[in-house]
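Here the chain labels run A, B, C and D in written order, and each chain numbers its own residues starting at 1.
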Amino acid sequence: MKHVIIGIIGAGRIGKLHADNLLKRVESAQLKAITDPYLDEAWASSLNIPLTGRDHRFMLDDPEIDAILIGSPSSEHAQQMIECAQAGKHIFCEKPIALDPNIIQNALTEVEKSGVKLQVGFNRRFDPNFAAVRKQVTSGVLGDPHVVRITSRDPAPPPAEYVTASGGLFLDMTIHDFDMARFLMGSEVTEIHAYGAVLVDPEIGKAGDIDTAVISLKFANGALGIIENSREAVYGYDQRVEVFGSKGTAMADNNTPTSMVILNESGVIRDKPLYFFLERYQAAFVAEIQAFVDAVRDDKPTPVSGKDGLAPVLVALAAQESLKTGKPVKVASV
Amino acid sequence: MKHVIIGIIGAGRIGKLHADNLLKRVESAQLKAITDPYLDEAWASSLNIPLTGRDHRFMLDDPEIDAILIGSPSSEHAQQMIECAQAGKHIFCEKPIALDPNIIQNALTEVEKSGVKLQVGFNRRFDPNFAAVRKQVTSGVLGDPHVVRITSRDPAPPPAEYVTASGGLFLDMTIHDFDMARFLMGSEVTEIHAYGAVLVDPEIGKAGDIDTAVISLKFANGALGIIENSREAVYGYDQRVEVFGSKGTAMADNNTPTSMVILNESGVIRDKPLYFFLERYQAAFVAEIQAFVDAVRDDKPTPVSGKDGLAPVLVALAAQESLKTGKPVKVASV
Amino acid sequence: MKHVIIGIIGAGRIGKLHADNLLKRVESAQLKAITDPYLDEAWASSLNIPLTGRDHRFMLDDPEIDAILIGSPSSEHAQQMIECAQAGKHIFCEKPIALDPNIIQNALTEVEKSGVKLQVGFNRRFDPNFAAVRKQVTSGVLGDPHVVRITSRDPAPPPAEYVTASGGLFLDMTIHDFDMARFLMGSEVTEIHAYGAVLVDPEIGKAGDIDTAVISLKFANGALGIIENSREAVYGYDQRVEVFGSKGTAMADNNTPTSMVILNESGVIRDKPLYFFLERYQAAFVAEIQAFVDAVRDDKPTPVSGKDGLAPVLVALAAQESLKTGKPVKVASV
Amino acid sequence: MKHVIIGIIGAGRIGKLHADNLLKRVESAQLKAITDPYLDEAWASSLNIPLTGRDHRFMLDDPEIDAILIGSPSSEHAQQMIECAQAGKHIFCEKPIALDPNIIQNALTEVEKSGVKLQVGFNRRFDPNFAAVRKQVTSGVLGDPHVVRITSRDPAPPPAEYVTASGGLFLDMTIHDFDMARFLMGSEVTEIHAYGAVLVDPEIGKAGDIDTAVISLKFANGALGIIENSREAVYGYDQRVEVFGSKGTAMADNNTPTSMVILNESGVIRDKPLYFFLERYQAAFVAEIQAFVDAVRDDKPTPVSGKDGLAPVLVALAAQESLKTGKPVKVASV
């Protein structure tokens, strides 16, 4: 069993997370290099990563490196994808590839031309709960899927300035839910209607964004869907899904630190959900990289394709259009 | 403590249910008379109901009767309400008052003129689970309500011919959910968007109706809502709500016959939800009549007003319009 | 379908409860008379019970009365059972028949001689949760039963003076659990070991009783059991059972007023268990009388026999002996 | 932050598990050597463990090695502990130290004389669920603890020949529960009564052991306890605890692979518990070694002491005596 040798572009929070997983939790992988314009050298040396640097381009020329994980700021993803593809390196790219579908399409075309593998970082597909729900759909346990329902609430709103740069709620936060909806249903979103509101933080409204949304979906297979978002659930990260079908329904609930339950004069009390995505999706972050490494090593298709990187962006843009016009919008029209 | 003396118009399934509750489970009430064009006399005499008949009008002239419960076919509700009002009888009327808002408004005007009390039969407000969620909203435990979410699925679809006569999914089934949304949120629905599909029974589609829907709501207080309907959940009657607010969220789950859980080689297994509305809303049916009797006896306002009889019909008509036009519809416009 | 005509001896809390159920919730039954030395006449007349009195003996001579429900103080049960048996009246007798097994045996002998039916008031067998667990045993779903486990905790301790008169924890409180253990397992307890402690209220200790106990059981079928008691669970009435067998385990949990769950900064919060036996066993109290009425009407055996009235008393006396001697005690030895 | 340098004696299942955790999941630790008479060299070299061998004694002379983890067969633990102590190496020793309390005491005396740190491998204390329950006791949330209850069932029985060598159910399986009872209650077991049965596998009975047990405990602080064991729960590894106190009760339930729930015609279905100890106690195995490493690094007491290695063996021997004599046994008497 050959090891897959990997370099990482970007050593911010997500790059460090992937580095740590590659070093400790992913099988058949070897982390050879990491770069970041502001690299935390103390951190890198504590992990004994062989090569480090500020500029990622030396990794493109290293014949030993099989694959590159792109964890840089989103605005650099597409350009770096193209560079990696041209250098013949397999690519794991964090989401979103870009906020502009043309830029995404352009990058995907280069990737396709090169023949390298590409996996986009929609980690939630690898969450054991959600993956188990998906399995009920594919195995036929639920019969024909009729409705998918996603509740997705963050524990605390980001600063208003972040919101502006991020592309707004739909491109920053709901994009994960759009991917989840497609993943669970196994069908493309064809039309969308979105209601939005500013109920959490007026500053978010002033920055031109919303912090609360309910979104209705139509799928190519005739099924329907709903997504519900909030930027602030005071009880923690609320991540639940349900797929309802002709033979039953499957729901995935939040995870909690423990299974303990206390009964006292106040009631019956359990743990709150795990606080945020680092805790909740810890296993998913490992599993997505493992799946990428396995795909490279065994020359199999990656489980999250370039198309999966583009589709949710188109859905998000349609949602923005719906919010602006007050009408449902066909995804094909954006 | 004076007893409230009651007559019932209509001895079909719902009339019999109310009669049984009045005789056995409601305090301070006395059932004096019941009428139905096709009255099951054997049933009536087994319950020792003093007066029976085919025509309800003798009850209007009985000075002892304080209040009349209208459980006849919906098409007769409005006319009978007017008769009762003119005879000075307090009224409990099953939902819907009518499918045409003008007819409803006309009846409500007569009721108001007469000064009698009116309660409309939105029994689900009296379900202990949903009432408990409402209490979290009014008590402020949840802070400002941001989103209400209602899952409402029947265990089996009605025959297609029923569907046509009933006014369609929104007026027949979702109307309860529209009332529940208003009740839980304590605010009026101002705008609505509906997606519908025929996924359960093609005959329902041929009859011009849908059997699956996802509906988005905007409320006067700025909050949002979603309702999700299906005519067939193979696991039973699925009736869940959630109100999410700035200080937390409150959810009500289905009820089950027992609390038993079995662990065996197949998994961890619990009871399915109670089968349908007679089982699930058994306590609610008693509580709504008790509330009506209490309101009459103590001369208090009823908890479900004439306005509550009109508003969900308007929302349902707006939903129909949205489904037809493919656009969100303002409730004020119907 | 003939009605069973019933008289009640004793109109304290439990007699009133049964009267109310007979009048409103039990089918095929008619309550003709109730007696109590301190009868609350206002209460009786509000329910329109035809005959009332202070002395129960007139009911014995009333040829219309089919059955008598004995809800008097325990010390009178055995004598009244004998009187009823001699008068040819079927008997429903509250538990315990007596605290002295000889007195019980004597009464049972008279009942047997007379041929009347007898049901003893072990109402918990009719709790839907526990009955469902029992059904898993009889149906074979659980395979061979290996261990029965009962948690039984009261919400608040009785006054110390009550404790003395009641015969102590094992005869007053655990007796229900001894019956439940026999019922669930379908086998007799052959040996018992009890540890007790005074941890709730020192006054109970001064009165010569305990308020906390863990009890181990051996059954005739080779299985084992544990019962755990406390006189005070501050969160309410805690009534759970589990039967573990070769093919799985079945557990019954507490019941709660609602299914609501709240998530907020404090945690995930549900309702406490229903407060005490009147709330928790409401349905069981109705079902046990219905079963008695059905047995009388259809001339079937009652579901809780005279032997079921004696056996748990013997087990309780063996538990007392174990506590006193510090050794396990064979039930046959008491 | 200095790293703690560790050697491992024994590379069977548990030794390999600890090695893997030390290499990938434990902070501030460095695995320098591992030995086993039948060492799997391929495995060791795949992990790049610097030093390997068949005989552990070279590690005693390696001045760089701070601590030794003893994961050899139980019969060698005591002797190796003494060797490590005399060599000045801190010790993590798997449970049990030995089956004979004199041998344990002798080893503990040597450890104490030497001044090295000792931690015994009662890993379940580090399970997040159980640790959370313990925290409710120490924090006072539960008030005075009255009763501890432990359900501990294995998914499948071991071969009868294993049973004989293991010292029997109480020393092999229940010993973990004895430790858990002491840990949760924060008090020593003073007296014990045990019932046992052969209900799972007659071969276990022929080998002189039992496969099912219910055990009652008395604690020095006046509280009571129950432990319930089975060698075979067909639904998986069943590991639950409850501490009931004057201010409430805290329960820890099993862990499951996912939070998914399916509703279909068969019922409401969830995952079975995680299969066995490797899955259930995965986090606990990491946490116990981390705690040991931290204690060595920071020169703090270890969280599981030598006394904790002796006490449950004494309780187990008292349980054996109780089973043999049919009487409760004081732990001080063994």
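Everything below uses one rule, namely that a residue touches a chain if its C-beta (ideal position, glycine included) is under 8 Å from a C-beta of that chain, and two chains touch if they have at least 3 such contacts.
None of these values were measured; they are calculated from a predicted model.
Peer 1: Which chain pair shares more contacting C-beta pairs: C-D, or A-C?
Peer 2: Pair with more contacting C-beta pairs, C-D versus A-C: C-D.
Peer 1: Select the chain at the greatest separation from chain D, using centres from the mean of Cα atoms.
Peer 2: Farthest by centroid: B.
Peer 1: From the mean C-alpha coordinate of chain C to that of chain D, what's the distance rounded to whole Å?
Peer 2: Computed value for the inter-centroid distance: 42 Å.
Peer 1: Nearest whole angstrom, what separates the Cα centre of chain A from the Cα centre of chain C?
Peer 2: Each chain reduced to its C-alpha mean, chain A and chain C end up 58 Å apart.
Peer 1: Among all residues of chain C, which ones touch two or more of the remaining chains?
Peer 2: 233-235, 238, 247-249, 263-265
Peer 1: How about chain A: which of its residues touch chain C in the complex?
Peer 2: The touching residues are 233-236, 238, 256, 263-273.
Peer 1: What residues on chain C touch chain D, complex-wise?
Peer 2: Residue list for chain C touching chain D: 144, 146-147, 149, 151, 153, 193, 195, 197, 199-200, 212-218, 222-226, 228, 230, 232-235, 238, 244, 246-249, 326-328.
Peer 1: Mind listing the chain A positions that touch chain D in their complex?
Peer 2: 24-25, 128-129, 132-133, 136, 141-142, 247-255, 257-265
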